[in-house]
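You will see chain A twice below: alongside chain B first, and alongside chain C after that.
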Partner chain A sequence: MFDVKQICMIYDMEKEEKLYALKGFDLQLPDRGLIGIIGPSASGKSTLMYCLSTLKIPTEGSILYNGRELTNCTNVERDDLRRREFGFIFQKHYLVPYMSAVENVMVAANEKDKTMRKKAEEILTKLGIREREFSKKPAKLSGGQCQRVAIARAVINDPKVIFADEPTASLDHENAYNVMKILKEYSLERLVLVVTHDKSILKDCDRILEMWDGEIRDASSDIPEKERG
Partner chain B sequence: MKSGLSAWNFIKNNKKTVGALVLALAMVFTAIYVIAMLLNVSTESFRTVVFEMPKKVAFLDISTRGYGIRTEEFDSGEELYAVYEKKTQDLVERLKAVDGIEDAYYTQAIYSQYQSVFGMIGYEVPLLDAEGIPDYLTHMEAQLTAGRMPEGEGEILVEEALLKNADAQIGDAYMPFAYGDTFRIVGTLRSPYMTVVGTPAGFTNNGWFIVTEKDESIYDMTALLKDLGITISEADRVEDGVSMKSFYETEVKGMVERVIDTIHTIVTAFLAFTILIAYISYLRNRMNEYCLYMSIGYSRSAVYGMIMREMLMIFGTGAVLGLFAGLGGGWMIRRFMIEAKGLNCRVLMPEQIFRILATYVLIMGILQIPVLWSINAVKTIDAIEE
Partner chain C sequence: MLNFAVVGQSLRMALQNIRSNRMRSFLTMLGIIIGVGAVIGLVTIVQAVSGELMGEFSDLGAGTISVQTYASAMKYGLSDKDMEVLANVEGVEGLSPTVSLTTTSVVGKEVYEETNVEGKNTLYFQHNSDIILSGRAFNEQDMSGDAYVCIVDQSYVKHALLGKQVLGGQILLHGYRYTIVGIYKKSDNMMSMMMDDSTLAGTILVPYKNALTMTGNGVVNSLEVYVEDSADMTKVEERLRATMKNLYNENDDFFSVYNFSSLMDMVDSATSMMSGLLGGIASISLLVGGIGIMNMMLVSVSERTKEIGLRKALGATPGRIQAQFMIESIVLSMVGGFIGIVLGESIAMIAAKLMDTKFVFSVGAIMLGFGFSAAVGIIFGWMPAKRASELNPIDALRAE
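Entry: the complex of A and B
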């Protein structure tokens, strides 16, 4: 699905001492599966994810998505991709505070009709949100529930790729486990990229990429075979 | 393709905030509209006196200079007065001969006052012999509606609206603040020309005028007098269609428009400033929301469109509510306050509605500054999380 070649991201281009967030590497990602990207803070893992998801444009290199060069896309084409083919789960849930749970899911929906609303409710139910919580605003939901609503928002349009940046960062162990279980389920039919610095949540990943100082290596072999999903 | 971002979500989920803003806009609309209506009471009420009455009657007070009398040539006042009276009677006769003038006579006159919410207008009231009053009423198309015709000295017939305006009744003194108990109201009239007429209370120190009963064809008495060899100067007084219209345009309509302009400017500046501050805060509070929209694939123009639709819905609702409240309030004020004082006003004032709507459009234009600034400042979530 993704074919990345010599991707390079440089911050502070105007300064004498440039900051290399991505130092030019190749990467291929499949059409489906749960891929974990792990690494310490400022290792470049989030930058990689944002480049893949078109939120950022790399300074150099090429990103082919299903054969299409993302680095040459116009803003409108990038918006369109994010709208139709990508889903996002951010570190914070970024739910709109004045909207109910179901409205927060619907805000990302491609169509705002009754069928889509029914679908949003079904997804929320599947994610463990009870019907009486559909109309609750984020302030009335727990952290775990908010993150599940954010997951529902990410999948409402049946995206081909889900980008999850530290999706369990603000959750307790149990909720973190549940979120990863959900993402694992979604990864059976689509590509799910999870960025984290917490290795323990990646035990079900199909593949783990480790980032360090802007460089990448496949660390899947670090996980014992029996623990892999 | 995704449907646009809905403006309704914010409105329905923030009823208190939106309601307060809508209410504020509606109240401003209503306040400006009602104030404009009250100010326009003068322009509407005075129309009869200014535009209708001069169609039927004109009052002339010609000075010695106007008649070309050289006062220094006379040794005594009696001699001067005799010449002046002769000139006046001569003018009266010449006026009677003019086509369009039904009658003319030299008589005493007192003052009548029509008080509006803001400002007042005064005009002359002829004092005639009791026998001459019916003819005057016929000319002025006035009918006695209550009381009786003047018989003795100092008895006045007052138009119904003017009686209400003065908060007086039959039997009361007429304009006691000016004439004490000298004149008494003995009857009311209904007249399309705001007619007031009465009998003199002996010889009083009031003005004397040539009263010209005429038809609509004679509008400019100054021009007519010039044709008759009398050049009007500042020493003379002519109350005709031209002078009344001039007074109306400068002192009534002009004054009202100046006040309305001032109120509009002050309210617009105040409203624009307060809404600008409120809107900056409102946009800042929603920056994360806008960032989310951009991140999940909505364009800047989609976010801008949503903000503008919200703004239009808020301003539109405020304007509609304000219009209905203004019209309703205006109708009540006219019914219970304006008409009770014998005054008149328009409840529906399209020019004021358009003006207030233009003010709202101007404020929405000013609000484009923080809106566009916010739209340009919106980043995708990756930029926030870094």
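Entry: the complex of A and C
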């Protein structure tokens, strides 16, 4: 699905000393599966995600998405792609505070009609949000519930790829486990990229990539096969 | 892209957001409320007052030219001969002299010391046919000078003839016995109200020759000139002025010739000047209101940076974000405009009650109020909305 070639990212181009967030590497990603990206803070994990998801344009290199070159897409094409084919989960849920749980899911929905609303409610139910919580504002929901609403928002348009940047970092262990379970299930059909710096939640991953100071290597073998799902 | 559903959703979100910040939204709207309320209220009041004035002027004789003379040692007033000269001026249809005096009237055994008497001719009634409430107007036979008939106003009926037979009744006026042939409606305009004094029993109309006899000097000091074609008003007015000057030996200190339509024009231009001035004041307050809205929208954008970042990350186009904030500012300002309209109309209604004028519900003013508040929303919402739409999604999400 993704074919990345010699990707380079330099923030603050105008500065004397150039800081490489991504140091020029190749990467191929399949059409489906749960891909874990692990690495210490500031190693470039988020930057890689942003580049793949069109939120940032790499300084150099090429990103082919289903044969399409993302680095020279127009802004409109990029917005369109994110809206139709990508789903996002962030470390914080970023729910809109003045909207109810269902409305927050609908924020992402491409169609705002009744069937979509019904679908949003179905997804929330599947994620373990009860009906009486549908109309609650985020402030009245627990952290785990908020993150599940955010997941519902990510999957409402049936995206082909889900980008999850540290989705479990602000959750306790049990909630983190539940989130990973949901993502694992979604990855049976589609591609799910999960960034984390917590190795323990990656045991379900089909593939693990480790980042270090803007470089990447396959670390799947670091975790024994039998420990993984 | 900007379809109906999107606008609908933005509208819903705007209302949600305004509701969740009630106090702040209200304070922001206050500028618009006061601005729009002031325009609507004041404009409606000015229009009502000027309408009232215009009504009075036309009661007093729109379409006629007034000639007034001031008694001097040289000439007491206009004689029959003078009036004939004036009546023959080109474009003049006819004259209606007014001879006024205050005298004593007697009904039965009651004496009314102060009674207004006005002498009128038949032409006057032809041009004011609607003032006769019952009975009849004067006819040509009444004009001979020895027909003792009169027409009383409602005030005289109330003061002197209550419970008595009015039509066909008798009044002793200036020593002569007059028969009442009609009741007429005296126009109750502001001027007559100002001159109203409680000792006055009322006004009685008599044929104008009879009134001339009562005054004893045989001259007329005031008359109305009816014009054949109202389009020639100013030309006829000029001719009359020249004729009068001629009658007064080229001395124009002792008479005046004027017509009410030029007075009405003056009131009209004064009104539009007043409205313009009020509009100017109102646009300043709308400007202040608009700045308030812009400020609130800027605060709102910076408060909701994360929301904007999220929407943009999820693929919302800049246009969509801009539309959302524009709609919000337009809603804010139009809700303010609506409250302002209600406020302004209420002020105008109360003012109409207090000043005893007619309340005119002006659709134009309301449209103006809505138009202005929508324009304020668009103009002052544009910059904050643009700013929101240009935010970088990742930077916005990370902003603290």
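FYI, the second predicted complex is superposed on the first by the 229 of 229 C-alpha atoms of A that agree within 3 Å, B and C clash if a C-alpha of one lies under 4 Å from a C-alpha of the other, contacts with A are read in each partner's own complex, and residues count from 1 in each chain.
In this section, a contact is a pair of C-beta atoms (placed from the backbone, for glycine too) under 8 Å apart; a residue touches a chain by one contact, two chains touch by 3 or more.
None of these values were measured; they are calculated from a predicted model.
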*Clash or fit, chain B versus chain C on superposed chain A*: clash
*For A:Lys114, select first, second, both or neither according to whether it touches chain B, chain C, the two together, or no partner.*
neither
*Touched partner set for A:Arg132, first chain B, second chain C, both or neither*: neither
*Between chain B (first) and chain C (second), which does A:Lys15 come into contact with in this model arrangement: first, second, both, or neither?*
neither
*Using the touch criterion from the header, give the chain among chain B and chain C with more contacted residues in chain A.*
B
*Set of chain A residues, in rising order, touched by both chain B and chain C*: 50, 55-56, 75-76, 79-84, 86, 88, 90, 94, 96, 98-99, 107-108, 111-112, 153
_Contact set on chain A toward chain C in their complex_ = 50, 55-56, 75-76, 79-84, 86, 88, 90, 94, 96, 98-99, 107-108, 111-113, 153
*Quick one: which bits of chain C touch chain A in the complex? Just the residue numbers, please.*
5-6, 8-9, 13, 16-17, 20, 304, 306-307, 309-318, 393-394, 397
_chain B to chain A touching residues, read off their complex_ = 1-3, 5-6, 9-10, 13-14, 288-289, 291-293, 295-299, 380-382, 385-386
*Please give the residue numbers of chain A that touch chain B in the complex, ascending.*
46, 50, 55-56, 75-76, 79-84, 86, 88, 90-92, 94, 96-100, 103, 107-112, 137, 153, 165
